[in-house]
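Below, each structure is written out as structure tokens.
Look for subunit A in each of the two complexes below; its partner is subunit B in the first and subunit C in the second.
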Partner chain A sequence: MNRLTVLVLLLLPGVGFLILFFGLPLVLAFLASVGLGALGNSHGFTLEHYRSIFTDSVYRDGLVFSIYISVAPTLVSLVIALPLAVLLQESFPGKRLFQTLYKIPLVVPAIVAAFIVMTLFDRGGEISRLLQPFHLQLPKLVRDPWALGVIIAMAWKSIPFMTLIIGGSVAAIPHDLKHAVRTLGGNRLTVFWRIELPLALPGITAATLLVFVGTTGAFAVPSLLGPIYPKPLSLWMYQSALEKNDWATASAMGIMLSLVACLVLVVYYRITSGMRTGISGETR
Partner chain B sequence: MTIAVSLGSRRDRADIRRRRRPEGLWLSVGLYAALTLTLLAPLVVTLLWSLVDPKGGWFAPDILPRGLSLVHWQAIAEDRSLVASIVTSLSISAIVMALSAVLALPTAFALAKIPFRAKRAVEMFVLAPLIVPGLVVGIGIGFVFFRVGLAYTVPGVILAQTIGTLPFMIRILSATLENLPMDLIHAARTLGATPLKVALRIVVPLTWPGFVAGGLLSFVSSFEEFEKTFIVGAPQVETLTVKLWAVLGGKVLIFPNAAVVTFILLAPTVIIFILAERALRNESALAAGMGKL
Partner chain C sequence: MARVLLVDLHKRFNATLAVDNFSLDVAEGEFVALLGPSGCGKTTVMRMIAGIAEPDSGEIAIGGRRVDGLSPEHRNVGLVFQSYALFPHMTVEANIAFGLQMRRVPRDEMRRRVTAVLDMVDLSQLAKRHPRQLSGGQQQRVALARALVTEPDVLLLDEPLSNLDAKLREHLREDIRNLQRRLGITTIYVTHDQSEALALADRIVVMNSGRIVEEGGPRDLYQTPRRRFTAEFLGQTNILAATASDGTLHFPWGGERSGWNGQHGRLDLSIRPEDISIEAEATGPAVVTDVTFLGADIEHKLDVGGLTMRARASGRGAKILPVGTRITISLPGDLHVLS
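Right after this comes the complex of A and B.
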């Protein structure tokens, strides 16, 4: 067997599976979204379905809302995960146990996170009961217009994931560098700003991006905790496909959501390709 | 002379006292307090909800339920459909995990060890299912499965979930395989081992941490997967997440029932997770696979 045959045979199981079950449906969905192919009613090439996303205020609000409920939890997670990842480099009693326990939300299904938010933050939930003797009241946090419940649930689930990845890249920084800064009179904060933050930046951006992308098309959490209006594009997409049987519009929304995610990815590569060679000489 | 000695010993004692207070005690206290508030407290509230005595109920402004009982747990244990969901969920996840590992190994090996021109493109394509939202993948694959008769079937759900677990598996395995010395493989081949034997006797044992990390992640992400399963399988194939969604999104939300399903859904993942954490000792395999895109 020549090298090429071997290579193709090795790649076939994994890549072939993804071409068949992931690539092909996506191509079919794209064709359907421009009015071609087997999905839905075919009337020849049209951009009507995309036009409706931008002109129909319901869908336009949905797109904006989708981006909002994806950016907000990502930022909240980042603000908590970054210091947490750095603090976890220190030694403290019970570190091993903590490092196992803090990751539990990683394996908690999103629907469970949504249910926990309901029991705690809803009107009449545990927190408002605890606050009542002090005559304090929680703002509306479930099905509220700012989707705060959605943000809480999604951030809660993303924080360990982000901490894990950022922690990995912070741990990879040579200790000599940190010691050198301390020896030369820099304090802990200087180490963070001048050493840890810039050197862990590839990990930080990767984690941020993965969380953003993971929340872009979230369906279960916004449908359980989100406001009645606006609905994210994912919910409209589900409704079009399975309730109205309008696969073309659903496909157009799916392609739009995927484009948003891909756009972020392209920006990420633009930023990091310069950054990586600049910092560590890594050319990957 | 005596003064000097006593001063010295006092300083020693102070030193000892300072050393006895463990390093980072306050950090530990702070981190555990945060963990209690954000993780333990919510779980305790959920546990209480599953134990509410229906006679007393648990209505605002009561901070604790009036009485506790196992009524809801008993009702669930007698609920055939829930037991069936547990079996469905566990077996689907186990098959997805095994299927991902088998499909991922050769591809991961090629990506880690064989230089070729389109490698970057293949890597990007392998990551793509993590980029495209699960609902979009679900609706795309759902329509195809409708046509070929795989919709509403267990094999259909397994295939749909594997789309999401395969990228993790390939990434993690290829990160682990990069450290595998090729000399060992060449030596085994020279001594007459078949490729299958090399894979089973050398590659798999030496990359075992990668398999554990990837397998854990696959199992758990399959077990908690909702979007694709919901679109391809529901209502015929009812995994635990689909079941919980039905309970939470129903017209009447019965908190105790939802709390019981929540715990049944959480128990296996958390137990597997803690066991695997012990086995792995560190998360290097996971971080190495996902830390750079």
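Right after this comes the complex of A and C.
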């Protein structure tokens, strides 16, 4: 066998898998979105479905809402997970127990998380009942216009995931670097801003990205906890494809969501490429 | 520059007593080496002075000011780590300027001081580099510059040369010594390498199992150690169990020396290999079991009636006696007795 054949054979399992299960569906979805799909009724090449996403206020609001319910939970998760990851490096009583407990949401399916939020925070839910004797009332958190319930449920799912990834990068920072900051006159906060944050940045951006992409296409949580209107694109996609048999519009929305994810990826690579701050570059 | 006073320090890690009853008075401008095997607590002592570790009990004072209980940033110490602990995402310059930034030194003065210290460690050319672009020796010098630029009261060095190769180690050893003399800064140097301690320190503190075994000047400690641990840890030695009675010293192989006016009874002698000379003689009490050529020295391993001893000779005149040669042993005139 010549080198080229060997190379192709070696690449085949990995690249073949990607082409078959990722590239091909993406191409099919794209073809469908421009009216060349096999499913549903197609009438030849058209950009009509994309136009409708931007002109039809229902879909336009849907796209904006989709981005909103990705960005907001990601930011909320980040604000909580980052200090948590840093604090988990310290030792405190009950740390082992806490480290086990905080990971539980990782293994709880999103739909279960949505029901937990519903039973707790809905009007007439557990917390409302507990607050009733004190004549206190929760704000509307389920099916509310700001999608607070959606944000709570998604953040609840994402925080442990983010903490785990960021915690890994923070733990990889040699302790001596933190000690060095202290002996040079910096305090604990200096250690965070000048050492932990910049050196853990690759992990932080990776975690942020993964959570963002994961929440972009979320279906169960917004459909249970989200407001009646607007709905995210994921829900409109379901409606178009399976209720109206309009696969072309569903595909166009899917491509739009993928583009948003790709955009975030590009930004991620732009941030991380100029930043070879990884600990690996350091000699011991 | 300041006097460092440690009083009765204790530190326990779970079941092990890392530092036990440790007291030390380091004079202003003195260079003290803490010497001991790994795990003897020397690094823990240093970390307690820096404030990275807190003693369970005891007092630490730097320049007459109690610092135990203060966090590291309020102690004004300079610490050079074994790993150097340079900030990988900052340039050499930024690493060195860090401590000055923390002290809110004005920009102009900061630039002046960074330049001066870079000059001092001979790294002016590399100011804009990142640590990963430097060799181990250069990184070590950056670490030293970073620790010195803030003009700390005391300089702490934790095995600063142990990650470097032998040649560079000797070179940097001299640099550190010269720098310390020039600045007159109180320095505590932690090492497990006896030659570093001997070459650098005004005073060596030998430690084992969290305690001070013995302390003294390098020469006194090497030539007249009181404790067996010191004798064996500082260089090589032969420990001979001898007995003295009626003015005669009896060696284990049957030899004796009259006119002994030291202590009587059973005693341990410590004799350095370089103080023993050997001579081929067919009826001698000892036999050569191994010969090692070490460049400057020749070491003969001897069997003296079941006891293993080492003798060293140096210089070009030193003879090599082949394995199996029977020999006589000559011990030095003044024999050192361990207590």
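In this section, the second predicted complex is superposed on the first by the 260 of 284 C-alpha atoms of A that agree within 3 Å, B and C clash if a C-alpha of one lies under 4 Å from a C-alpha of the other, contacts with A are read in each partner's own complex, and residues count from 1 in each chain.
Please note the rule applied: contacts are C-beta pairs under 8 Å (C-beta built on N, C-alpha and C of every residue); 3 or more make two chains touch, one makes a residue touch a chain.
Keep in mind the model is a prediction, meaning the values are calculated, not measured.
*Asks:* Examine A:36 and indicate which partner it touches, taking first as subunit B and second as subunit C; both and neither are also allowed.
*Replies:* neither
*Asks:* Now for A:177: first (subunit B), second (subunit C), both, or neither, which partner does it touch?
*Replies:* A:177: touches subunit C, not subunit B.
*Asks:* So, A:187: does it touch subunit B (first), subunit C (second), both, or neither?
*Replies:* In the superposition, A:187 touches subunit C alone.
*Asks:* In the overlaid three-chain picture, which partner chain does A:250 touch, first (subunit B) or second (subunit C), both, or neither?
*Replies:* Touch status of A:250: first partner only.
*Asks:* Just subunit B (first), just subunit C (second), both, or neither: which does A:67 touch?
*Replies:* After superposing on A, A:67 lies clear of both subunit B and subunit C.
*Asks:* Touch test for A:197: subunit B only (first), subunit C only (second), both, or neither?
*Replies:* neither
*Asks:* Under the stated touch criterion, which partner chain does A:75 make contact with: subunit B (first), subunit C (second), both, or neither?
*Replies:* So A:75 meets neither subunit B nor subunit C here.
*Asks:* Considering only the touch criterion stated at the top, classify A:138 as touching first (subunit B), second (subunit C), both, or neither.
*Replies:* A:138 contacts neither subunit B nor subunit C.
*Asks:* Identify which of subunit B and subunit C touches the larger number of residues of subunit A.
*Replies:* Ranking subunit B and subunit C by residues of subunit A touched puts B first.
*Asks:* On subunit A, what residues does subunit B touch that subunit C touches as well?
*Replies:* Correct list for subunit A: 284.
*Asks:* Could you please specify the touching residues of subunit A with respect to subunit B in the complex?
*Replies:* So the residues of subunit A touching subunit B come out as 3, 6-7, 9-15, 17-18, 21-26, 28-29, 38-39, 87, 90-95, 98, 100-112, 114-116, 118-120, 124, 126, 128-130, 132, 156, 164-165, 167-169, 171, 202-203, 206, 209-210, 213-214, 216-220, 223-224, 234, 237-238, 241-242, 247, 250-251, 254-255, 257-258, 261-262, 265, 268, 284.
*Asks:* If we count contacts the way the header does, which residues on subunit C are in touch with subunit A in the complex?
*Replies:* It is residues 50-52, 71-73, 75, 77-79, 81, 83-89, 98-99, 102-103, 130-132, 136, 139, 146-147, 150, 163 of subunit C that touch subunit A.
*Asks:* Taking the touch rule as given, give the residues of subunit A at its contact with subunit C in the complex, in rising order.
*Replies:* It comes out as residues 174, 176-177, 179-187, 190, 194-195, 198-199, 277-279, 281-284.
*Asks:* With touch defined as at the start, can you tell me which subunit B residues reach subunit A in the complex?
*Replies:* Going by the criterion above, the answer is residues 22-25, 27-28, 31-32, 35, 38-39, 42-43, 45-46, 49, 59-63, 102-110, 114, 116, 122, 125-126, 128-137, 139-144, 147, 159-160, 162-163, 166-167, 170, 220, 223-224, 226-227, 231, 241, 244-245, 248-249, 253, 255, 258-259, 262, 265-266, 269-270, 272-274, 277-278, 283-284, 286-288, 290-293.
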